[in-house]
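The structures considered in this document are given below.
The following pair of complexes shares a single chain, chain A, combined with chain B in the former and chain C in the latter.
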Partner chain A sequence: MTSTWITTRAWLLMLPLLIVMVAVIGWPLVDTVRLSFTDAKLVGTQGSFVGLDNYVKVLSGSNFQRTLITTFWFAALSVSLEMIIGVLAALLLNQQFYGRSILRALMILPWALPTVVNATLWRLIYNPEYGALNAMLLKFGLIDSYRSWLGEPGTALASLIVADCWKNFPLVALIALAALQAVPRDITAASMVDGAGAWSRFRFVIMPYLAGPLMVALVLRTIEAFKVFDIIWVMTRGGPANSTRTLSILVYQEAFSFQRAGSGASLALIVTLLVTVLAVAYAALIRKSAGTS
Partner chain B sequence: MSALELVNVHKRFGAVETLKGIDLSLASGEFLVLLGPSGCGKSTLLNIIAGLAEATGGDVRIGNRSVTGVHPKNRDIAMVFQSYALYPNMSVARNIGFGLEMRNVPAAERKQAVEKAAKILQIENLLDRKPSELSGGQRQRVAIGRALVRDPQIFLFDEPLSNLDAKLRMEMRTELKRLHQMLGTTIVYVTHDQIEAMTLATRIAVMRNGQIEQLATPDEIYNRPATRYVASFVGSPPMNMLDARVADGVAYVDGSPGGIPLPREFRDNAASARDVIIGIRPESLTLASRDGGLAIEAEVDVVELTGPELVVTSTIGNQRLTASLPPKTRIAVGATQRFDVDASALHIFDKATGQRIQRVSGAG
Partner chain C sequence: MERRSLTATILVHLAALLLLVVILAPVVWLFVMSISSTPDLIAKPLHWWPDTVDLSRYGVLLSSVANSAGEAFVASLFNSIKVAGMATFAALAVAIPSAWAVSRTPSVGWSLYAVIATYMLPPVALAVPLYMTLAWAGLLNNVFGLALVYLTILAPFTTWLMKSGFDSIPREIESAATMDGARLDQILRMITLPLAAPVMATAALFAFLLAWDEFFYALLFTSDQRAKTLTVAIADLAGGRVSDYGLIATAGVLAALPPLVVGLFMQRALIAGLTSGGVKG
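What follows is the complex of A and B.
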């Protein structure tokens, strides 16, 4: 068999998949790029070429800037909380205690739930008339009367972040737990004999084992948090007063609610670019940390 | 002053009792080896001394202070693990100095101590490397350095050489012996390797099923094993154990036509007719040069030259007899051979209890 035949055959075998990929990923992307340079509406006009108009309008508009800030806060706060709670949960579940395996299984539950179910669940908890949160806080005397957690711009984003954390910390915990179980027993024993207390042991001995896997979790979660759509859409639809409107919500509103396909496409591409930059930066970080450990 | 004292130490995992009352006292500067097969409880005992496991009952005293319930870091011990247990993210220097760092020893003092330990272990040139850049032997030296630098009351070693290849193991064994002679430290050392135990220990505790079967010097363990178990565990090739019956001062080995007249000093204790095990070390057998004396006949089965010795395996009925002979001995496979037995090296054990039957008088 000649090497050209081997190469040709390889390409032939890959062809069906390549066609599918071009059809479902390549073409829509190319068409989005094309759309972003037009003033097309979702229904009706094909639109005409407008150059960079969409981009200029989007980037200079206050909507985009405000949404970007909201997205940043949502991503930064929810991901940091998830990382902290996730690692703490993993440390707890790595201890020997009665009922540990049941607790481990239970912990997966929020993550295994569909986001829509989770979002609906939290909407019930936050409900201003019969929500469990209101009842609990009132009982403990922390509030005087029931509040609309999702209905006030001051608390809506924070409430969303809590709901998102509850759903996603198990992923971090799971990854951290797997990493913790890879820490050799002798190493922790040695550090105990060496005199390391709980914090030093975590900081100097256990953390190096956690760093790599946690970095992967951080990348995955940040990118996902940046793209967040479903949980917000179900819980607040970006409101009240756009206080929980993230980039993906903005893209949706622009393209589908306001039917402006052209500027929606340009927004979508900007979000894609931002996420890509994040992903590349993180990948470089991971490579760097892998190289040093 | 005793550096370490174990008083009736028990350990139970659920229904399984892994340590059934261990008592021992260790003087300062002693090198105690806990020897036994896997599952005998020796590592559990070491972990209890270290504080990495709690005893279910009894007391551990280090330097005349009860350390039951005391955290490992406050026990004034250092430990070397089988897996070396070096911190992979830290340099060799930091690995060695980590115990001091955790005890807030000033950096300058720490550096000095690390360099001193590194010099003793001849790893000064490795101080900046990471553990992953070291060979097994070097890692083990770092692990020992980490213990050394702390200057603790007791060093604990958990099978430290078993991850090394045979040649390196021998080198490190000598190194450890040298260190012990040089520093005069108190060491508790766990191993299943009888050669390590014999060469390193000032005393050996042979363990079996959670109990100490015999606690004695290597010489005594080898030459006066207290039980059949100890006798068969120490020595390579292992001691021959022949089923026999004693009557009127003569031992009749099963399958052998003649009897072995027992030396006089055994006769009183082994006088009455009883079933015994006769233990003969392979190196106590020689080719018979004359008639009479203590001798035993066997049919030569396999002859193996190991280099320094000729290992001859023979059969007596369905029992096996191994002899270590000088390498140039000429011996024919299939022939019936008469072996002389060194009377002073004869061991007799009660078949029912496995206990050694003592000689009435005289040493040996």
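What follows is the complex of A and C.
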């Protein structure tokens, strides 16, 4: 067999996948770009070319800026909480205690719970009249009267972040735990003989093993958090007073609620660009850290 | 293992207990809500455990009486199974040949990275043209249309999983069979694919769950019982028309059951998949 034939054969085998990818991803993406330069409506008018109008309008609008800030806070807070709690949980799960294997197995539960079910569950927990959170806090005397956790702009985003963290920190924990189990016993033992304290052992002996897998988890979680839609839509629909409206929610409203396909498309592309920049920056960071360690 | 002091041992156990409560409490509460009567759920102070166990809501949701909450729920359950099943099947059909090709022909590997990179794309970047095309083709509010759209998520994912699966099957086995005079289709059918069967099963299971969980496209592209999936049905329930919190919780339990069972039993495979991706970067 010649190498030309092998390469040709590979492309032939990939053809079905490539056709599907072009049809359901490539072409729609190109069409989104085209739409973003028009004033097309979702249904009915094809729209005409309007140049950069959509972009100018979107970028100068206060809606976009406020939404971008909300998205940034949601992503930054939930991802960093998930990473910190996840690593702490992994360090704990790597210790010896009774019922360890059961607890390790149970960690999968929040991850496995469908996002919409998770959002619904927390919506019920936060319920202003009958919710479990209010009942519990009142019982322990931490609040005087029931509060509307998702109904007030001051607490809605924080409540969403807690619900998101609960679902996602176990995954970080499981990834970190798998990495911890790869740390050779004799290395930690040797560092203890050498008199390393708990912190320096974590920082210099364990952290190098954790860094790679954690970095990947960080990238994936950040991208996901930036694209967040489901949990927010089910819990608050971006309210109250748009205080939890993230970029994906804004695109949904623009393109589908208001049926402005053109400006919705331009907004969607700006979001895509932001996510891409994030991903490329992270990729560079990973390559750099992989080079040094 | 270092020897711990008694205090350290107690602290570790306390922390483990805390973690256990944090993980379990919300899930258990969802279940308790589903079996509590409405008076128990709206009592103040709240009844943390129902006076009488009330399983009637499971009967309500799983019945198929016309125009009942059950009819809508059962319809959405079947829609979810249909859409996830079809999308998984189609994704594997295109993923397996290409994953094998990339695994055995590194020179075309860059195309796989292009495919995986699409994972970054926010669904909103594709939603508007997809909507217009489905509307044009008459596939809005249609399980086939939705399954087709789900390929945007499932095809890259399954290709990536299958590729690392084929990577772990030594090429030497295939070369040996070639020398013995076997044709490529024989090799694939009799050697490679049977060896890859466990990976295929894992990929199929995770792809199915991804489709089962999907909400955004389903919300956009379906509008009634003919195509609405479980996630949309639950969001509708939570959205307010129903004031029976127990019923919402019951729907949640039923929708969560398949992935929870799979998660508990497939944990090892899941972690292996995640970390292999992580280590290779």
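The working rule: the second predicted complex is superposed on the first by the 283 of 293 C-alpha atoms of A that agree within 3 Å, B and C clash if a C-alpha of one lies under 4 Å from a C-alpha of the other, contacts with A are read in each partner's own complex, and residues count from 1 in each chain.
The criterion applied here is as follows: contacts are C-beta pairs under 8 Å (C-beta built on N, C-alpha and C of every residue); 3 or more make two chains touch, one makes a residue touch a chain.
The structure displayed is predicted, hence computed values, not measured ones.
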Fit-or-clash call for chain B and chain C when the two complexes are aligned on chain A: fit
Chain B versus chain C as contact partner of A:83, first or second or both or neither: neither
Chain A residues touched by each partner, larger count belonging to chain B or chain C: C
First, second, both or neither for A:225, with chain B first and chain C second: neither
Chain B versus chain C as contact partner of A:156, first or second or both or neither: neither
Chain B versus chain C as contact partner of A:176, first or second or both or neither: neither
Contacts of A:204 with chain B and chain C, given as first, second, both or neither: first
Chain B versus chain C as contact partner of A:271, first or second or both or neither: second
Partner chain in contact with A:98 - chain B first, chain C second, else both or neither: second
Touching partner for A:191 - first (chain B), second (chain C), both, neither: first
Vertex chain A; arms to chain B and chain C (CA centroids, nearest 10 degrees): 80
CA minimum distance (chain B, chain C), superposed complexes, angstrom: 5
Residues of chain A contacting chain B in one complex and chain C in the other: 189, 192
Complex contact set, residues of chain C against chain A: 1-2, 9, 12-13, 15-16, 19-20, 22-24, 26-27, 29-30, 33, 41-42, 44-46, 90, 93-95, 97-98, 100-102, 104-105, 107-108, 111, 115, 118, 120-133, 135, 148-149, 151-152, 155-156, 159, 209, 212-213, 215-216, 219-220, 231, 234-235, 237-239, 245, 248-249, 251-252, 255-256, 259-260, 262-264, 267, 270-271, 274-275, 277-279, 281
Residue numbers on chain B that touch chain A, as the complex places them: 50-52, 71-73, 77-79, 81-90, 98-99, 102-103, 146, 150
Chain A residues within the chain C interface of the complex: 6-7, 9-11, 13-14, 16-18, 20-21, 24-25, 27-29, 31-32, 35, 42-43, 89, 92-93, 95-100, 103, 105-117, 119-125, 127, 129-130, 132, 135, 138-139, 166, 170-171, 174-175, 178-179, 189, 192, 212-213, 216-217, 223, 226-227, 229-230, 233-234, 247-248, 251-252, 255-256, 261, 264-265, 267-269, 271-272, 275-276, 279, 286, 290
Chain A - residues contacting chain B, complex: 184, 186-187, 189-197, 200, 204-205, 208, 293
